[in-house]
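I'd like to ask you about the structure that follows.
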Amino acid sequence: MAILVNGDTRVIIQGATGKQGQYHTMKLLEYHVRVVGGVTPGRGGAQVHGVPVYDTVARVMKETPVDASMIVVPPAGVLAAAIDAIENRVPLVVVITEFVPLHDALKIRGMARKAGVRIIGPNTIGVISPGKSKVGIMPGFIYGEGPVGVISRSGTLTHEIASNLTCQGIGQSTCVCIGGDMVKGTDFVDVLELFRSDPETEKVILIGEIGGAGEELAARYLQEHPYPKKVIAFIAGATAPPEKRMGHAGAMISAGFGTADSKIRSLKEAGVTVVESLDEMIRQCR
Amino acid sequence: MAILVNGDTRVIIQGATGKQGQYHTMKLLEYHVRVVGGVTPGRGGAQVHGVPVYDTVARVMKETPVDASMIVVPPAGVLAAAIDAIENRVPLVVVITEFVPLHDALKIRGMARKAGVRIIGPNTIGVISPGKSKVGIMPGFIYGEGPVGVISRSGTLTHEIASNLTCQGIGQSTCVCIGGDMVKGTDFVDVLELFRSDPETEKVILIGEIGGAGEELAARYLQEHPYPKKVIAFIAGATAPPEKRMGHAGAMISAGFGTADSKIRSLKEAGVTVVESLDEMIRQCR
Amino acid sequence: MKLYEYEGKALLAKAGIPVPKGDVVAGPTEAVAVAAELGYPVVLKSQVLRGGRGKAGGIRFAADGDALVREAEALLALSIGGERVEKLLIEERLTVARELYAGITLDPLTLLPQLMISPSGGMDIETVAHSTPGKLYRLPLDPLDLPGLPQVIDLVLMAGLQGEEMLRVAGTVQNLIRAYFRYEAITVEINPLIIDAQGRVLAADAKLEIDDSALGRQKEAASFTRRERLLDPLEAEAKAGDIAYVRMDEGNVGLVSGGAGLGMASMDMIFVHGGVPANFLDLGGNATQERTAAALRIVLKTPGVEGILINLFGGINNCESMAKGIAQVLDALHPPQAIVVKMRGHSQDEGWAILEARQISIVKFGTTEEAVLLLMAKLKERGVRGSGHTG
Amino acid sequence: MKLYEYEGKALLAKAGIPVPKGDVVAGPTEAVAVAAELGYPVVLKSQVLRGGRGKAGGIRFAADGDALVREAEALLALSIGGERVEKLLIEERLTVARELYAGITLDPLTLLPQLMISPSGGMDIETVAHSTPGKLYRLPLDPLDLPGLPQVIDLVLMAGLQGEEMLRVAGTVQNLIRAYFRYEAITVEINPLIIDAQGRVLAADAKLEIDDSALGRQKEAASFTRRERLLDPLEAEAKAGDIAYVRMDEGNVGLVSGGAGLGMASMDMIFVHGGVPANFLDLGGNATQERTAAALRIVLKTPGVEGILINLFGGINNCESMAKGIAQVLDALHPPQAIVVKMRGHSQDEGWAILEARQISIVKFGTTEEAVLLLMAKLKERGVRGSGHTG
C-alpha cells in the first residue's frame, strides 16, 4: 500500500532531456520505478536512457496512462509544464524545481485544486515509498521499508530523519517532502489525512520549520479529528533569529506568527509528541 | 405564468441614476414593475423616482432579494456591472446597452454560464410579459396580453410584430429580444426551450436576421426535439447585399454562412412556417 | 475596423510575432530608400482593405532599383476591387520552405473565438474548410481559460510539424492568441505563416479586424487614421453623424429606419412589392431631432431616390422629437420625393400631429408592409416604374 | 527584494495609483532644486528598507530653503535600525483629511493573497489586527478569478467611505490589486492611504516586496540597483556566490549545510549542546566542488568561529564533488579550527575516502546530533568555553 506512490505508479518526467532530467531518469530506472515517458516540447521522438520522449503530456497519454509526473524543468518553465500535467488530469504532480516564482505557484495551486490534481512542491525532493517506488530525487538507498510515515518541509531533513531511522533498523512507509516554499500544493494536513487510513503506516513523523502556518493547521486538524496513530514532531529553526531569511522561502518569521514556539505549543496541545532533537525522534520511533 | 418575467419579478436597474436609467426607471414604475432598487457605484443613498439607489448589487441584496437586473450603463461600464450581477447570482440579467465591446461580451457570457446566470443581450430592448411586467425599454402600451410568444434579434422588429399583433387583437405571452450582437447570452434555442413548457404560450414567433448561426441552431433544435407548438419564422435581410454591415453587429454575412437562404431552408426543413412578409406573419397567427 | 497589412503586422510584431523586414511607402522614391536598407530583391505589396489582391496583380517583385520604380508606379496606378492603391509595403523577399495558415475568428456556432491552423497555407481558408476539412485543425478559445503552450503544441503537432520548427510555430501561435485578446480583434489571420529556408517562422501576411466598440480603449488601433474619402461621400457624411448607412446602386426607394432589424425587414418588403432599396439606414438607439433630420437629408441626397419610407419606433426614442426632425427638413427643402412615415411608440400623438400639419402620409396603426404598399402606390401614381422584382 | 519607498511609489504610479508630487535626492542641493519645483512647505523622507523610520525621526518638514538644507543634512547623517540614510524623498506636504490603510500580503492560512483595508491608517497593521480586528476588512484574492470593482467597493463601503471618495479609494485599491499581480509582489502596502483636503486619494507611503524568483522577468523591479556594501562583506561574498548565508553575532560554531531545514536543525542542535552558531549557511540545490569550497572559505573567515560543522547530503548533490571542495580549501589554508563532517548519499564512499586522506573527523552513519556532540567534544579538548546555553 503506502501512500501516493507504489510499485504500480506509472511516472513521467517533465524535463527529462535536461541535465537534471537525464540524471534522475536514470536514478528512477535504477530504483525500478515504472517510468513510462519523458516530456520535453520540441524533443518528441527522442529517448532518455531508453525512455521515449514526447512533446506534451497529452502525447504520452495517447500511448499509456500516467499516474504521476515529476517536473524538473527550470523555474521559468514550471508553470507551463504544470498546466500541461493539470489540464491532462495527471493525478499526482511533483514539482522538484526550486525558485518557482510565487505567482506561478499560486496559479498552479489554484488550477490544480479546480482540476482535482494533487501537486507536491514546488521546491521538494519528492515522495518515496521505500522499496516500492519514488517520484523524487532522493538517493533511494538511504531509505528503508517499514512502518513510519514521514512528512517534512525540508528535503535534507527528510534525508536526515530517514537515514537515521534506516541506520537504526526502522523503515518508512512513505516519506513525503511537501517542499520549502510558502505556497505549496500539499500541506501537512493533506498528508496526515492520507497516512490516517494507510495500514502500513503505524507512526507519523512531522518535520516542521519556523515560518508559515502549516504546522499550526496540522495541530488544529489533529485536535479536531482525533488521530489513530502516534504523531511525533520536530520543529527546526527554534534558535533562528527573527526577521532573517533562513534559505527556505517559507521560513521567514514575521510579527510573532509562525514562530517555533507557536508551532510547538499548538502541536503539544493537539497531543503530538514534540521532540527537541533529532536523536530523540529516533528514540520515540522505536 | 409567461416566461422569464412576471408580476412577482423583483427588478433592479444598474445605471438607474443616468439619464436613460432615470427615464426607464420611471417607465418601469408606470408599467407597475416591482422595481426594488437602483445600482450606481458612488451614489448609494440617493433615490430615483422614489427607488432607493445602492452602490453595489450586494448592497441591494442585503435589503431584498433580486430576481432580475436591467443594465443601462454606458458600454465601458457594462462588464463591471454584469460581473457585479453575476457574482451575486442575480438569476436574470438584461443588458440593454448597445456597442458593448465584443471581448467584454465574451467574458460576460462565459462567467454567466459558469455561475448559472441567464444573460439577455447585450444590445436588446429586453423582455416583456405584457400586462404583467417587463425588464426592458419597450413602450408597454403597444404590447398586448395573449397567447403568442415572440423571440427576436431586433428590438424594432419586436415592436413592429407585437404592435401589429396587438392592433389585430392578438396578444403576446412574452416577447424576448435576444439582442443584435454576435455574442449574446441567450439565443433562440434557449427561449424556444422556455416557451416549450409555458402553458400560456400557444404559438411562437421567431424573428431572425441574416448573419450568425442562431436561426440554423434553432432549426436543428426543433428538428431534434419535436416541438409541441406552431413556430412561425421571418428572416429579415433577405435582400441585403453580402459583405455589407447592416447596422447590427451580428448581421454580417460572410462566405455563404448565415445567409437568409440557409436560415430559411433549415427552418423549413425543421417544419417551421417561414413567412415572406410581416403581414403574412399576422395572418399565420390568427 | 479592418487594418491594412502593414498596420496589422505592426501590431503582431508588438505581440512577439516575427514579420519580414520592410516598411510602408507612398511613392517610388521612398520605396527605393527602403529597398536600399533591405537589399534586393524586394517584394512590393499593395495596401488595400479588400480581398483578391494577389489575383489582381497587386503583389510584385523587384530585383533592382529600376524594376522597383517601375513596379511601384504601376501598383500605385492600380485599383483593386474598386479601391485605389495608395500605399505599398516594401519587404525583403523570403525564400519559402513551407506555408502554413494560422487564424482566429469567432465561431458562430459556439460563439467562442476559434483558433484554426492548417498546413495548407496560402490558400483561402474557407476553401480549405470546404474541400479538405481534415487539414484544418481547430481549438475553441475560452477567454476565461486560455490554452497553455502545451495545448497549442498538440494542435501544431497535428498539423504535421516537429522539433524546433514545431516549437517556433507553437510560440508564434500562442502570441497570435495573445494578440487576438490584447487588441480585441474580431478576426486575425496570418496567411501564409511562412517557414523560410533558414527555419525562421514569419508572418508573411496579416489580416486583422479590431472591434469598433473597443477602439475607445485600443489606443494603438485607434491611432491608425483612415481617410474618409475612401468612402462614398454620403457614407462618410453618415459616418460623421454616427448613422449606419449603406448605399445600394440602382435603387429608387430611400429608407430611414430606427433599428437594424426593422431596416432590413423594410428593405425586404420594398423588394417584395416591386421597389428597389436605394440604401439601408439605421438611426440606432439615440434618434434625436438632429440625427433624424441628418438621416433624412442623407437619404434625400441619395441618387435615384424617388420615394422614401420613414419607419420609426418611439421606444428608446421619442416620436415627438423624431417628427420635429422630419418637419425641419421638409420645411427647409420641400423635397419633391414621395414620403410615407410609419411611426408609433412613446409620444406618438404629438409626433403624428406635427407630421399631419405638413400633409405627410402617416401609417399610424398599420404594418410596415402597409406602409410600403402605400409608398409604392404613390410612386405608381407618379409614373415611377418598379424594378420588376417580385421577391 | 524589498523596495525603497520612492521605488515602490514609481511602480504604484505606473499602475495608476496617485502618489504625492516629489523626487528622490542624495544631497541638500538637489533637495532645494526639487523643492523649488514643488513649492514650500515640503516633506523630507529618509529612504531606508528597515522599519521604524517615523519613531527614529526619519521624516522631517521644511517651510523654506534654509530649513530644507538643515534638515536634509541632519537626515543624511542618520542611521535607522543600523541602516545609513543615503537618499531622501522630497515631497509636497499634504493636508490630510483622512488616513486609511490598504495592503495585500500572502495569508499563511489560506495560502492566498489577501487584500486588507482599514480606516485606521498610519498605524501598524499588525497592531490594528490584534487590538481592533473589527477595523480590518479582508478579501482573499484568487489569482485565477480576481475581484471586480463592485466587490472592492463592498469592502471599501465596510471601511466607512461613501460617494465619490469611496469610488476613488475603490479604484485605487483595484489598481493596487493589479500592481500586486503585475509586479509579482509578495507584499504591497500603502500606509497611510491619504484623502487630502481637496478630496484627492494619494499613496502617502509605499512598501513593496517583489518576489526574488520573478526578477528575471520583472524588468522594472530588477532595474532598481542595490549597493552590496549595505551588506556585511561576508554576506555580500556569499550572495555573489549565490549561497544563503546569515551571520550571527557572538557565535563560535560555524556551519556549512546543504538544505535550509538541515541547516536550521543543525543550529538548533549546536545550541542545545552548548555551542553558539556563528552563521547559517545553505548550499542549496547545486553544491558543486567550487560552491562547497567557497562556502567553507566564508565560514572560516566568519569572526569567532572555533569549530565548524559540515553537514551535507549527496541527494541532488554528489558526495565526491563536495568532498573535493572541502579538501581543496583544507589543502590551501590548513585552517586551525576543529572541523567535523557529516556527509552521506550518492558517491558517499568516494567522498569519505577523500576526507579520510586529510584526517578529518567524519560521521558516516550517525546523526546530526552525534556530529554536533563530536564537534563540541573537540572544542572542549581545545579549551573553548561553551556559551552556557543548554537549550
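In this document, chain identifiers A, B, C and D correspond to the written order of the chains, with residue numbering beginning at 1 in each.
By definition in this document, a residue touches a chain if its C-beta (ideal position, glycine included) is under 8 Å from a C-beta of that chain, and two chains touch if they have at least 3 such contacts.
Computed from a prediction, not measured in an experiment: that's the story for all the values here.
S.K.: Cα centroid separation between chain B and chain C, in whole Å?
M.R.: 27
S.K.: Between chain C and chain D, what's the gap in Å when you average each chain's C-alpha atoms?
M.R.: Roughly 56 Å, centre to centre.
S.K.: Distance-wise, how many Å sit between the C-alpha centres of chain A and chain B, to the nearest whole number?
M.R.: So the centroids are 53 Å from each other.
S.K.: Name the residues of chain B that each touch 2 or more other chains.
M.R.: In chain B, no residue touches at least two other chains, as defined above.
S.K.: Out of chain D, which residues touch more than one other chain, so two or more?
M.R.: Expected reply: no residues.
S.K.: Specify the contact topology among the chains shown, as one of line, ring, star, complete or other.
M.R.: ring
S.K.: Mind listing each pair of touching chains for me?
M.R.: A-C, A-D, B-C, B-D
S.K.: Which residues, counting only chain D, touch chain B once they are in their complex?
M.R.: Residues 148-151, 153-154, 157, 162-164, 166-167, 170 of chain D touch chain B in their complex.
S.K.: How about chain D: which of its residues touch chain A in the complex?
M.R.: 106, 108-109, 111-113, 126, 142-144, 181, 184, 186, 211-214, 216-217, 244, 246, 248, 257-265, 267-272, 277, 280, 282, 284-285, 313-316, 344-346, 365-370, 391
S.K.: Taking the complex as given, what residues does chain B use to touch chain D?
M.R.: Residues 41-45, 55-59, 80-81, 83-84, 87 of chain B touch chain D in their complex.
S.K.: Where on chain B does chain C make contact in their complex?
M.R.: 20, 75-76, 98-103, 106-107, 109-111, 114, 125, 137-139, 142, 152-157, 159-160, 163-164, 167, 180, 182-184, 187, 207, 209-210, 212-213, 217, 234, 236-241, 244-249, 251, 255, 257-258, 276-279, 282
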